[in-house]
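Letters A, B, C, D, E and F mark the chains as written, and numbering starts fresh at 1 in each.
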Amino acid sequence: MKMHRNPIRKIWSEGGGVINGWLSIPSPFCAEIMASCGYDSVTIDTQHGAIGYDAMVGMLQALRASGVAPMVRAPWLEPGAIMKTLDAGAWGVICPMVNSRADAERLVSYVRYPPHGCRSFGPTRANFALGGDYAAVADEEVLCFAMIETAEAMNNLEEIVQTPGLDGVYVGPADLTLGLTGRRYRTGFDRDEPEMLEAIHRIRTTAHTAGIRMGLHNGSASYAAKALSWGCDLVTISNDVRLLAQAAQESVAEARRLIAPDHSPTEGAGVLQQTSQASY
Amino acid sequence: MKMHRNPIRKIWSEGGGVINGWLSIPSPFCAEIMASCGYDSVTIDTQHGAIGYDAMVGMLQALRASGVAPMVRAPWLEPGAIMKTLDAGAWGVICPMVNSRADAERLVSYVRYPPHGCRSFGPTRANFALGGDYAAVADEEVLCFAMIETAEAMNNLEEIVQTPGLDGVYVGPADLTLGLTGRRYRTGFDRDEPEMLEAIHRIRTTAHTAGIRMGLHNGSASYAAKALSWGCDLVTISNDVRLLAQAAQESVAEARRLIAPDHSPTEGAGVLQQTSQASY
Amino acid sequence: MKMHRNPIRKIWSEGGGVINGWLSIPSPFCAEIMASCGYDSVTIDTQHGAIGYDAMVGMLQALRASGVAPMVRAPWLEPGAIMKTLDAGAWGVICPMVNSRADAERLVSYVRYPPHGCRSFGPTRANFALGGDYAAVADEEVLCFAMIETAEAMNNLEEIVQTPGLDGVYVGPADLTLGLTGRRYRTGFDRDEPEMLEAIHRIRTTAHTAGIRMGLHNGSASYAAKALSWGCDLVTISNDVRLLAQAAQESVAEARRLIAPDHSPTEGAGVLQQTSQASY
Amino acid sequence: MKMHRNPIRKIWSEGGGVINGWLSIPSPFCAEIMASCGYDSVTIDTQHGAIGYDAMVGMLQALRASGVAPMVRAPWLEPGAIMKTLDAGAWGVICPMVNSRADAERLVSYVRYPPHGCRSFGPTRANFALGGDYAAVADEEVLCFAMIETAEAMNNLEEIVQTPGLDGVYVGPADLTLGLTGRRYRTGFDRDEPEMLEAIHRIRTTAHTAGIRMGLHNGSASYAAKALSWGCDLVTISNDVRLLAQAAQESVAEARRLIAPDHSPTEGAGVLQQTSQASY
Amino acid sequence: MKMHRNPIRKIWSEGGGVINGWLSIPSPFCAEIMASCGYDSVTIDTQHGAIGYDAMVGMLQALRASGVAPMVRAPWLEPGAIMKTLDAGAWGVICPMVNSRADAERLVSYVRYPPHGCRSFGPTRANFALGGDYAAVADEEVLCFAMIETAEAMNNLEEIVQTPGLDGVYVGPADLTLGLTGRRYRTGFDRDEPEMLEAIHRIRTTAHTAGIRMGLHNGSASYAAKALSWGCDLVTISNDVRLLAQAAQESVAEARRLIAPDHSPTEGAGVLQQTSQASY
Amino acid sequence: MKMHRNPIRKIWSEGGGVINGWLSIPSPFCAEIMASCGYDSVTIDTQHGAIGYDAMVGMLQALRASGVAPMVRAPWLEPGAIMKTLDAGAWGVICPMVNSRADAERLVSYVRYPPHGCRSFGPTRANFALGGDYAAVADEEVLCFAMIETAEAMNNLEEIVQTPGLDGVYVGPADLTLGLTGRRYRTGFDRDEPEMLEAIHRIRTTAHTAGIRMGLHNGSASYAAKALSWGCDLVTISNDVRLLAQAAQESVAEARRLIAPDHSPTEGAGVLQQTSQASY
C-alpha cells in the first residue's frame, strides 16, 4: 500500500473532501494562525495576495509545523515563478488563467521533471520541508491545478482536463462570471445565477469524467459545504483578509450597537460591505 | 478654541469613549485592514505582540492613511524603547507594569520634553506622520498611559494617578488577576469575580478623581460596551490574532458541521478553546 | 459631473500638468519623505529601481496617507507582474519597451477587466487603499502608460497611440537616445540634440492627436518645466537616488571648500559626476 | 507520570545529555537547516549573533517543525527583551552576565509568572507554537539558564546556583577566561589551562550540588563529547557562522591544493585562522 | 593594456581558472561569510535558491566589500528578471535552460545595450557598486552564461556556442543527466557515467572551439579540481546549504560517536544522506 | 609606527577633522548612496532614526565596501544595545544623554573588554567586517563618544571628560538648547545665541584639555565648516532625511516657479520649513 506524503492526496484516497484556507496577507504569523484553525490545506496566493516570493518563503516555513498541506497559487503561467514555488516547498500549485490545452500542457511541463516535463532539478528547501526523498516522489505527490475562469477555457474544457499530468481544475467564480457573463452580475463568489451554476457543475462533471479533481473558491462556509455535497474535491473558504476584516468590523459594530442602539454602520464597515462580494 | 490633532483627545473632548483595536501580528497589511474596521484608535503591542521595532515602523506607516490614532504598547519601562516609539510616529504610549509613583514619574519623563521630562529631541518620522508642527504640540497631544496590573500598583494607585503629566491608566485584567489573586482563577479578560470587578472600579474612580483617563482591555465587544457604560474612557476589544483565529475556526467548524453534523471539533479548534481566555 | 478618484485624472481634467516624483530606493520611509515634497504623483520604479514586489508593497502603504497618486513602473510587459502591481494598490502602471501595436494591446489587456481586457479579478489591497468601490471604477480610473523608447516603437508610433484603452505614452530619453542614435551621444535625460528633440515632439503631438497623454522623464526641474511648457502632460523630475546623492555630495563639497578652498573634488563626488547623465 | 513538553527536560529525565546547536546568522532558512542536523536543541543567539527581535521571530517559526527545542540567548538581563522572547515561543532562555544572587533573582522573576516571578501574561505566539496549554505548564517547562562568565560570578557562585526557579548555569569560556585571567591566554573555547579547567569543573559540581543543570559552550565536537563525559548536561558545539565558514574555506583550500599543491592559504582562509578561537 | 574591472575576466586573462561559490540561502550575512572563504566569485542562485529579488539586493550589498565577483543565476530566460539583476549590481548572469540558438540570442539581447541587444538603460545600483563608469564598460565586462542542461540544448550546442555576445556555457549536471538519460542514474553532480563524461567533455571542447568559456557545477572540491584540470574555466563547489548542513551533521555525529561509539546516525543525518546527491 | 584600522583615528592622527554623514532612514541602499558622497565617516542613528537593530545590520553591511568608517548612535545607555551594535561591526558608538561621571563610566565599561570594561566577548560580524584581528585591536580602535546635551551633563562636564577610556564628547545642539535654556529659543542646530555658543566652546575646550575629542551635530555645511575652524574634531552635516526632503522640495518648487512664477510654496514644502530647524 502506498504511503501518502501529500496530506491532500491522503484525504482523497480515503474518500474525503479537502477544506482549504487561503492566505493573502504577507505574514508568516498569519499563516501560522490560519494553519491552526482546522483546515486540511492552506494556499498562499501569490497572484492576488499582497505576497511576493520573498514573503512566501517565510510563510511556507511557518506553515511547515502544522502538518497542513501548503499550496501556492502562482502569479501566472510562468516557468520561473512556478518552479521557484515548488523548490521552496509547496505540495502543489494552482495556476491562474489556463485557457487552452497548450496552456495546460505548459503548466504540467513546469511541474514535472523530465521526461514528464521540463522542471529544472534543485528542490533546495523542499528537501528539508517535504522530506529527504522528495526528488523520488515529487512527480507523484505534487499537485497541479489549472484554473478555469474564462469563456475560452470553458470552450476548451474537455481538452484541458485530459492533459496528462494534470491533477485537477480549480474554479475562481469571480473571474469566471466576468468571463462568461461580462458585467451583468455582481462580482464575487457563491454564485446562484443559473448559468453560473451550470458552468460550475459542467466543470466538475467534466473533470470527474476525465478522472481528475475539481476545486472551488467559496466566500462562505455554507456555500463550501454545499460544494462538497455536490462532489467538489477541494473547497476554499474565504481568505485571511476577509475573515479578519469581517470579524473586526462585526466586533466594533456590536460594541457600538450596544452602547448606542441607533448607531449606523461606520465608514470602515462600509468598506467591507462594498468589497464583500469582490475580493479573493 | 483648540484644534485637536490627536483623534483620541478630540473624542474625549466631545464626551465620547474610545474603541481601540489591538495589533499583535507583525504585518503592515494586517494593520491596514484593522484600521479600516471602525476603531477610533489602534494600538501596536510591542510587549506581548510578536512585533519588534523594525516591524512596528512599517505598521505605523500603514496606519497613517486611516486617520485612526496610532498608539503603541511599549515592551517595558525603558527610555530607549519608549522614545524611539514616539519618534516613529505614535500618538501615545501604553507602558506595562507601572507599579509605583517613581515608575510613573520615570514614564512621564520619557514622554515629555524638558523641562517637563527628559525626552530627547528628534521626532524624525513623527514630523512627517503627525504634522510639521509636531515639536510644538507633542507635549500636549501625545498620550501617556501607565498600566496598573500588579498588587504593588494597586497599593500605590492614588500616588500613581496623581503623577503630573500622566494622561491615564490602562488595565490588563489578565496580569491584574494573576497579581491580585494568584492562580485561583482562569487567566484572561472579561472578569466577573467580585474582587476583580471591585479592583477595576476602584482604578476607574481613582483615576477619574485625579482627573485622568482609564482604559480597559477586553476580550469581547459586549464586555467592552459594559466597560464604556461604567465610564471607562478607552476600551480595547480582543486583538488581531484572536479575531482571525476565531473567525477562521468558526468558518471551518461551520463547514464541517454542515457536511457531517456529528463532527466533533478539530484539534485546531481546540487550540483556541484552550487559549481563548489567555492570550492578549 | 464625474468625481475623480485618481488624482492625476483630476489634475488633467482641470487643465493642469502633473509633476511626478520617482522612487528607486526600496524604502517605505523614503517614499513617505518624497510624498511630502509637493509632487502630484510618485512612481515606484520596479524596473530599474532596486525594488522587488515585496519591497513595493510597503512603499505603496507608506504613500497612501499622502494623497499623492501612486504609480508603478512595471519590470517588463509581463501579465503576472502588472496585475499584481495593480492589485497592490497602484493608480497606474508605466510599462517599459512597448514597441508595437501588439505589445500595446497586450499591455492594455493586462490592465483592464473583461470584456476590455483579461485582468484577473482580485484587487486585494486596492480595495483598502483606493476605495471600497474600486472594482466599479478601476477600468475608468487606472492609468495605463506605454513607454516609447526604441526605434521600433517610433516606427509603430501611430498604431501604438491609437490602441483602445491606452491612456498615454511615456518617454525614457536615455533608452530612446540609445535606440535612435546608438552610442553617438552621452546617455541620459534632458536631450538637446535636434533629432532627439524632434523625436520627443513627434511623440507628444502624435499622442495628443490620438487623444492620449504624453509623459517625459527629466533630469532637472528646468527641463521638466520646459517640457510642461511644450504641452507634456506628466513630467518626472530626477529620482530619489540622484536627489539624495547630489544633495549629500554638494553638502560635503561645500564644507570641504570652506575649510580648504583649494580642495579638489573627492573620489565620492567623482562617482556622481560620472553617473550624472546616466542613472534613472 | 508527567508528560514532558520541553524536549530538553525529557532528555534529562531519561538521563541523557543534550547536544545544542547555536544560531548567529539572522536567517530562518539557516535555522531550518541547522534544525535538521541532529541537534537536540538549538539556541538563537540574540546577544552576540547578528539577530534582533524581528529576525528572531522568523527563526522560531522555521524551527517549530523540527521538534528540536528552541532556546534563545537574551541580549542582556533586561525584562522587556526576556519576556518578549518567551512570548515569541522559546522553550528556554540563556541570560548573559549573571554576576550575583540579585541578578539571578531578577532573571528568574522575568521568566516565571506570579507569584513565582513578575513575568507579564501574554504568550501570544507561544500559545500556537508550544501548545494551547502553554499558560498552565510554562512555569514548569520553560528553562532558565544564567551565564557564569566573570570573576564576580565565580565569587557568588554558591548563592547564584541556589536561586529558586533557576534551572541551570551556562558557561561561556571566552568571557570566563577574560574575566578570570585577563588577557594572559588566547580568547575562545575549549580551554585546557589548569585554572580554567578547574573553574569549569567547580561550576559543574556546584550546580549539581544545588540540584541544577550545567551547560558549556564548546568549539569542537571532541571537546563537547569530553564535557558530556564530565557530566555536563548540555553542550553547545560551535555555531552556524563558524561551521559554514570552516566548511567553505576547507572546500576551497582543498580544491586549490589539488590543482596547485604548493598553494599557500588564501587571505580568506586567514580570516578564519585568526578568528577560530574567538567568535561565538 | 586593458584594465579589467570584472575579477573573473582578470583571472581568465591571466590564464587562471575561477573557483565559484554558490549561495542558495537568502541571507546577506551568509553571503558575507561565504565571500570571505577564498572563492574568486560567488553566484546568488535566484532559480533554485530560496532567494527572490528583494533578498538578492541585500546579498549583493553584503558581497560588495569582499572584492569577490558577484554573479547571479536568473530564475529563467525572462527579460524583466535578467535586466533587474544586472541593474542591481551583478557582474554576470547565468541563465538556466538555454536550449536553442534563439534562446541564446534572446539571452544575449537582455544582457547587452543597443545596438548589441535590447537591455534597457538604468544601472541604478550598478553605478554605485561596480563603478561610476559602469555604463561605458558594461557590455565588455558583464558576463553572460547560458546553461546547457537538456537533450535539446545538446542537439543545438554548436549553434548556441557561436551566438555573438555569449561569454560561456555553464553545465548543471543534475538536469543534464535527467535530460540525457532520463531517470536511469541517481540525480546530482560529480558524474562518472561514461555518457555523462562524454557530454561534459563535448560541451567544453565545443565551447572552447567557439572561443567561449565553460563552467561546471560540482558537488565536491575534488571533482572541481578535476574539472579545472580538464580545462573548465569556472568551477562551482557545492553551495552554502550543503556546506552548512554537512558540517553541522558531521559535527553532531562526531560528538555522538565519541560519547556512544555504537550510536547509529540520527534521523537528521539521514536527511543529508538522502539529499546529498540531489540539491543544488 | 602604528597602523590605524579605524579610518577616523587615522584622520585625527594626521591632524585632520572628520566630516560625518548621518543616517536616519532604515535602508541599506540609502547607506550605500550616502557612503559614496565624500564623508569620512557615517553614523547610523538608532536613537532618533527609524532604525532598529535588524535594519541596522543591513546598513552596516552596505557601508562596508565604501571604506568610510561606520559609527552607530545607540538608542540609550543600555549594555545590551551597545554591545550588540559593536558586535555587528561598528567602529564606534555615540551614546545619548550621558549626564554624569557614573554614566560615562558605565558607557566605557560597555565598550571595552575586561579588564578595562565588561564588554562580553563575541564580535560575530565584526570579525568579518573589521578584520580577523578585531579582538586584538578593538579596545584601541573602537571609538566611544558620550553625548553632552543636558544641564546636568554641563555641570558634570569636567568629570565626564576625564573618564578613562572615553574618546570624545558629542554635542546635540537641539537637546542641549532645550536642556540649558528651556523653550526660549527655536529647536534645532546651528546655534548662534551667545549662551549656546559659549556652552559649545566650553565643551570643546574642556574636552581638549582632557585630551579627548569633540564632535558637533550641524544642520548646514557652512556651520560645520565653522565648527571645524573652531577646532571641533568631528562634524556631522544634516542627515539623509533632510537632504532628500530638501532636495526634492527645492526641485519641485523650482519647476513650479518656472511654470507659474507667482506660485506660492506647496503644503509639502511647508512641512520642511516647519521642520527645518528641528529634526535630527
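The definition used in the following text is that a residue touches a chain if its C-beta (ideal position, glycine included) is under 8 Å from a C-beta of that chain, and two chains touch if they have at least 3 such contacts.
The model shown is predicted, which means the values in this text are computed figures rather than measured ones.
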>> Keeping to the contact definition above, tell me which chains border both subunit A and subunit D.
In response: B, E
> When every step has to jump to a touching chain, what is the lowest number of steps that links subunit A to subunit F?
Replying inline: 2
> When the contacting C-beta pairs are counted for C-F and for B-C, which pair yields the higher total?
Replying inline: C-F
>> With centres defined by CA atoms only, which chain is the most remote from subunit A?
In response: F
> From subunit E, which chain is the farthest off, judged by mean CA positions?
Replying inline: B
>> Distance between subunit A and subunit C based on Cα centroids, please, to the nearest Å.
In response: 34
> Where in subunit A do residues touch two or more other chains at once?
Replying inline: 26, 29, 33, 36, 50, 52-54, 57, 78, 81, 125, 128, 241, 271-272
> What topology does the chain touch graph have (line, ring, star, complete, other)?
Replying inline: other
>> Can you work out from the touch definition every pair of chains that touches here?
In response: A-B, A-C, A-D, A-E, B-C, B-D, B-F, C-E, C-F, D-E, D-F, E-F
> Taking the complex as given, what residues does subunit F use to touch subunit B?
Replying inline: 24, 26, 45-55, 74-76, 78, 81, 96-97, 149-150, 172, 174-175, 178-179, 182-183, 187, 241, 270-275, 278-280
>> Could you list, by residue number, the parts of subunit E that touch subunit F in their complex?
In response: 28-29, 32-33, 36, 57-58, 61-62, 64-65, 125, 128-129
> subunit D touches which residues of subunit F in the complex?
Replying inline: 52-54, 57, 78-81, 83-84, 87-88, 113-115, 118, 120-125, 127-128, 132-133, 135
>> For the complex, give me every residue of subunit E touching subunit D.
In response: 17, 19, 21, 25-27, 29-30, 33-39, 50, 220-222, 224-226, 228-229, 235, 237-238, 240-241, 243-249, 251-256, 258-259, 265-269, 271-272
